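Chain lettering (A, B and C) follows the sequence in which the chains are written, and residue indices restart at 1 in each chain.
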Amino acid sequence: MAELSGAVTDYDHEIVPSVRRTHFLKRVALSPGGAFGLAVVAILVFSAAFADVLAPYSPIKMGVGKRFLPPSPGFPLGTDEFGRDMLSRMMFGSRLTLLIGAIAVGISLTAGMLIGLVAAYRRGWVEKILMRGTDVLFSFTETLIALAFVAVLGPSLTNAMIAVGVAGIPFYARTCYSAALVERSKPFFEATIAAGAGPFRLVFLHLLPNVLPTMIVVATLGVSAAILAAAGLSFLGLGAQPPQPEWGSMLSGARDYFNRAPWLMVIPGIAIAVTVLGFNLLGDAIRTALDPRETER
Amino acid sequence: MTIRMTRLGRTLAVAAAIGVAAAAAAQARDIVWARYGDIDTLDPHRATSTLSLQTWSLIYDTLLATDATGAPVSNLAKSWTSNDAGTEYTFVLQDGVKCHDGTPLDADDVKYTVERAFDDESPSVTQASWGPITNVEVIDPHTVKLTLESPFVALVPFLADSFSSIICDSNKDADSFGTSTAIGSGPWKLESWTKGDKIVLKKNPDYVNFGKLAENKGAPYMDGLVISVVPEPQARLAALKTGEVDIAEPPFDDVPALKESGELDIVVAENTGQNVFWEFAVHRPPFDDERARLAVGHATDAAMAIELIYGDLSIPEACPVSRGVFGNDQDFCLQYRPNYDPEKAKALLAELGYGPDKPLETTMIVWTGGNRQKLAEIFQAQLAEVGIKADIEIMDIGTMNARVRQENETPTGKGSMDMMTWSWYDPDILYALWHSPGAYRGYTSPELDAMLEKTRVLTDPDERKAAVQDVFKVLLEKGIHIPLYTPGWEWVFAVRPEVEGFKVAPFVYPIFNDVTIGES
Amino acid sequence: MWRFLGGRIAMGALTIFVTTVAVTLLIHLVPGDPVQIMYAQSQGTTPEQLEEIRRNLGLDQPIHIQYLAYVGKLLHGDLGYTIRGHQPVLDVIMQRLPNTIALAVAAMIVAIAIGLPIGFFAAYKRGTAVDTGLMVVAITGVSIPHFWLGLILLFFFAVELGWLPVSGTGPLNIVLPAVTLGLSNAAIVARMTRSSMIDVMRQDFVRTAEAKGLPKRVVLSRHVLRAGLVPVITMMGLQFAYMMGGAIVVENIFAWNGVGRMAVEAIFQRDYPVIQGFILTFAVVVVCVSILLDAVYALVDPRIRRA
C-alpha cells in the first residue's frame, strides 16, 4: 500500500487522482488518531443537528430540576445553579461550538486563501504589500484582536467569532502563499501560462486545487484553535452572553461552585478538550495521509 | 548543558522565594481587607464607586458624621448653625486637628475643598450634591461660612458622607494627588497604592475621633491596614480560611455553611438605606409607555430571585426608599407596586402588540459584583417567560451611571432598563433622582416636580409623610421606580475569628479603629 | 547580518505605525459620543462644558490632525488619562506591565524547560512507542483549554491544598499562572522541537558525522542540537506573542496584577484611553521582543551572520 501511494505521488495529481483519493480517506479513517477525530466530529454534528429532538429539556429554562443536582437518573449530567439541565445545555452548546468553528475558520480560510493565492500568483509589489501586511497582523494574537473588536462593538458571540476569524487570517494567508509558491514554481505551471491560460483559470483550476490539501489540514487544525480562542473569550465574558449555553461561558459561570458542584466545571472543560483533541488528531491524520513521507517519521 | 542549568537555576529561585515569603510573614501584622475590585482614585472629586468611597472614609475626615440611626452629628465641625432662610451655614471646627503631613486642619482646608469641587475647569463629579453653593468665607481659622443661592436641606446629611471629605490644602501643589498623594486627616495615612493590587495604609497617630461610630476615641489600635484586590469570591474565601486575609466579602452561597461551622464570623451591615430598583429609558419606545414598564414589574419575582442568590441576607423591598428611611411603609407600597403577576404582564404586553412571535426587546444593565450577574440571569429568565427578551450588560457602577444617563438622552435605539441602586438616609433622595432634570435625565413631570418640592418644605412629620407617600404612589403606579430588594451591595463581611472590633457604620462604611487581632 | 536586522526593525516600526493608526481610529468606531460617555458620570456638566472639553481633547479636529496630536503626545510619554478616576494611563500601564512580562517570561521558561527535552527525546526515539506516547501527551496538552487548566490548578493547589497563595504579586504567586500558561505551550514547543530535530537528523551532515564513527551522543549534542535550536529560537518570537496573549486570560483567573487583567476591566468599564494604551503597549512589547530574538537568531545562525 505504502509503496503504491509513494509511486503515485511522484506524478502529483496527474495520474489516477480518484484512486489516490480513496486511499487517502481510508488511510485517515484507519489510523487511530483519524478514527478518533472522525468519531468526535460525527458525535458533535449529530448532537448539534438533533439537539431540538434529543435534548430532554430546554437549555434555558430554569428550575426544571432541583439546583445543583449531581449526575443522576433523570439528569444524566446534573443540573446547574439555576436548576437547568446540563445535558440539554451541553447538546445545544455543541451547536454553538460547531458554529464557532465553521464561521471563524470560514472567514480565515476565505480571506487568507484569497490573499495567499493573489500574492503568490501576482508576485511583484502586490505580493510584497500583502505579505508585509500579514506580517504586521501576526504580531497581534487572536486575544488582542478580539479584545479590540469587543471593545468597540461590545461583547457578543458573533463579534467573538468574527474577531477570531479575522485574527486567523495572517496564518492562513502565509500558509496558502507558501504552498502556492511551491506550485507556481513547478515547470508545468509555466507551461500552462505559455499555453495562453488566463489568470482565473490559472488560479482557480491549477493553483487552488494543489493548495487545497495543505489548507484542509490547516483548516481542520484551525477549527480547534478557533474553538479554544472563542471559548477563552466567552470565559472572560467577552463572547457568548447569558443565557447562551456556550461551553466556555458555562465554564466561567461554574467557577463559584467548584466546591459544591464540581461537575459544572468539569463537564464543559472535558467537552472542549475532547472536541479540540478530536479536530487536532483529525488534522494530523489528514496531514499524514496526504504526505507519505510522514510515515517514515 | 544549558537545559540542566536552567532547571537548577529555577529550583534555587523558588527556594529563595519561599525563604523570602517566610521572613516577611514573621513581621508585624497589618489588618488585611480583600475586596472584589480596586478604587478609581484617591481624589474624592473624581469618582463615585462604593469601593473608592469606603477608602476615602479611612484617609479623609468629614465635617459631620452619622450616628447608628443615620442622623447627622458633629465631627470635624464642633457645631453648626444656619440662617432662617436656609441659605447660609456656619461651621465651627474642632481645635488642634492635624493633617497627615503635620499641617493644621482649619477653615482654609474647607474652603480649598469646596472651591475645588466647584472649579470651572474640572469640577467634582459630585458637584451637584453640594447644592447651589455660591460662596465660601473663612471667618477665622476655626470658622467657615457657606452661602447658597437657595435652600438645600440635603447639604447637612451630605456633609457626613465621604463624597464631602475635607481635602487638606497641602495637596494643592502635588501633581500626583489622587494617584500617589492623598493628605487627609482621617484615621489612616496613605503609604502606597499599587493599582489593581493593593492600598497600604498606616495608622494616623494624631487622629482624634470626634463623631465617628468607633468606641476608640483616638488613633486605631493596629499599625496598618492593607486593602487588597481579589476578584474571585472563591479565592477570597480560600484566603480567609488560610489567614492570608482577615476580612472580605464571602461567596454568598457559602454563607449558610460558614455560619453553621463558625469558622468565620459573618457581619451584616445594618441601616444601609440601600434600595435596588428597576428604572427605564422613558424617552423612547418601548418604555415610554407605562404599560411596558409595569409589565416588567409584574414579570419579575424579586423575592424568588434574591432568595436563590442571597438566602436570608437580603429582603424584598416594596417602597422607593428602603426600610429604616422616613416614609417607608411596606403595606402602603405593596398596594401600588406592580407585584409579581406574569399573566398581567402578558396581558399588558399583548395590549401593546407584543406576543410570543414578537417579543419586547430590551437591554438590561446591571452592575458588577455581589453575584448580581447570576441575579440578572434569573430576572432574564423570568422576563423571557412573559415574552420579554432582555440582553444583559454588566459593567461597574460608575460606567453604569454614565450609560444610564446616555440611554436616557438618546432618542433612538433598543429599549433599555437597568437595575439601579441608591442609598440615602432621607426620602430627599427621590428629589435628587426624579425632580427635573433628574439625576439620570430620566422620567420627570411638572406634577411630580411639585409633589417633590412639597416634601422638601413641609416640617410637620405627618404632613411630610403624607407628601412623601404621595410621591411613592406616583413612582409605583407609573412604573418609574420599581423597588426590588434591600440591602444590595457590599454589606456582608466574613471576618476571621481572631479579629475583634470590626464594625460597619451606616452607608456601608467599615470602621477599623477598634480592631485588634488576637492569636490565631 | 545588519541588513537582516535592519529589515526586521523596519517591519517593527511599520507594525507600531499601523497600531497607532488603528488605536486612534478605535475611539471613533465606538457608537455614541465619546465625550458624553466620558463625562456622563458627572451630573453637573452642561452642554457648554462638554463642548469645551471636546475642544480641549481635540476631538473636534479632523482625523489626521487628531492622529498627529496623538503621536505627538505619545512621544512625550502622555497616553492620556483614564476615564474612571482620571489617572495617567502611562502610570496605570507601567505599574502592571512588568508583572505581565515577568509572567510571559516565566511561562516561556516553563514551556521550554519542559517542551524542549520532551521534543528532543521524542526525536531521538523517533518511530518507537516512546515517541508516539510522548506525542499523544503533547497533543492532549495542546487541546486542554488553558483557562480550565488554570482553574483546576488554582482550586487544587491554592484553595484545597493551600500550598500556594491565592492572590497577590509575590514571587510564589507567579508559580501557578506561569505553570498554567507554560504547560499549554510546552506541548507546542515539544512538537516543534521534535519536527525540527528530525529534519536536522535527516540531513547529510549528520549522516556524515555518524559515518565518521562519532558516538551518537556526541553527534546529537554537538551537531544536531545546535542546528536544531535555530528554528526553535525563531519560533520563540511568535511564542512570546502567544504568551502575552495567553497572559490576558491567565491573569484574570489568578488575579495576577498585569496589563491583561487591566485590559479586560477596561473593556467592561468602557475606559477607552486604557484600552488604546494597552493595545499600543502590547504591540510595542511584542515587536521589541521579536527584534531582540531576531538579533539573537542572527548571531547564532552563521548563515545570517555572515550575510
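Rule of thumb we're sticking to: a contact is a pair of C-beta atoms (placed from the backbone, for glycine too) under 8 Å apart; a residue touches a chain by one contact, two chains touch by 3 or more.
Keep in mind that this is a model prediction, so the values were computed, not measured.
> Can you check which chain pair, B-C or A-B, has more C-beta pairs in contact?
B-C
> Using mean Cα positions, find the chain sitting nearest the overall protein centre.
C
> Quick one: subunit A and subunit C, Cα centre-to-centre, how many Å?
23
> I'd like to verify one number: the distance from the centre of subunit B to the centre of subunit C, where each centre is the average of its C-alpha atoms, in whole angstrom.
About 37 Å, centre to centre.
> Compute the distance, rounded to whole Å, between the mean C-alpha positions of subunit A and subunit B.
Measuring from centre to centre gives 46 Å for this pair.
> Can you list the subunit C residues in contact with two or more other chains?
Where subunit C meets two or more other chains at a single residue, that happens at 155, 159, 252, 268.
> At which residue positions does subunit A touch at least two other chains?
Residues 237, 255, 258.
> Multi-chain contacts only, two chains or more: what residues does subunit B have there?
In subunit B, 232, 234, 394 touch at least two other chains.
> List the residues on subunit B that touch subunit C in their complex, please.
On the subunit B side, the touching residues are 1, 3, 6-7, 10, 13-14, 16-18, 20-21, 24, 34, 37, 39-41, 43, 46-49, 52, 123-128, 178-179, 194-198, 228-232, 234-239, 241-242, 244, 368, 394-396, 398-399, 401-403, 405-406, 409-410, 439.
> Using the touch rule from the top, collect the residues of subunit C that touch subunit A in their complex.
Against subunit A, subunit C makes touches at 11, 14-15, 18, 22, 26, 29-30, 126-127, 139-140, 142-148, 151-152, 155, 159, 198, 238, 241-242, 244-246, 248-249, 252, 263-264, 266-268, 272, 275, 278-279, 282-283, 286-287, 290.
> Under the stated contact criterion, what part of subunit B meets subunit A in this complex?
232-234, 251, 253-254, 308, 371, 373-374, 376-378, 380-381, 384, 391-394
> Give the list of subunit C residues in touch with subunit B in this complex.
Checking each residue of subunit C against subunit B gives 32, 36-45, 49, 82, 84-88, 91-92, 95-96, 109, 112-113, 116-117, 154-155, 158-159, 162, 165-172, 175, 221, 252-253, 255, 257, 261-262, 265, 268-271.
> Quick one: in the complex, what on subunit A touches subunit B?
It is residues 60-62, 67, 81-82, 154, 237, 241-243, 253, 255-260 of subunit A that touch subunit B.
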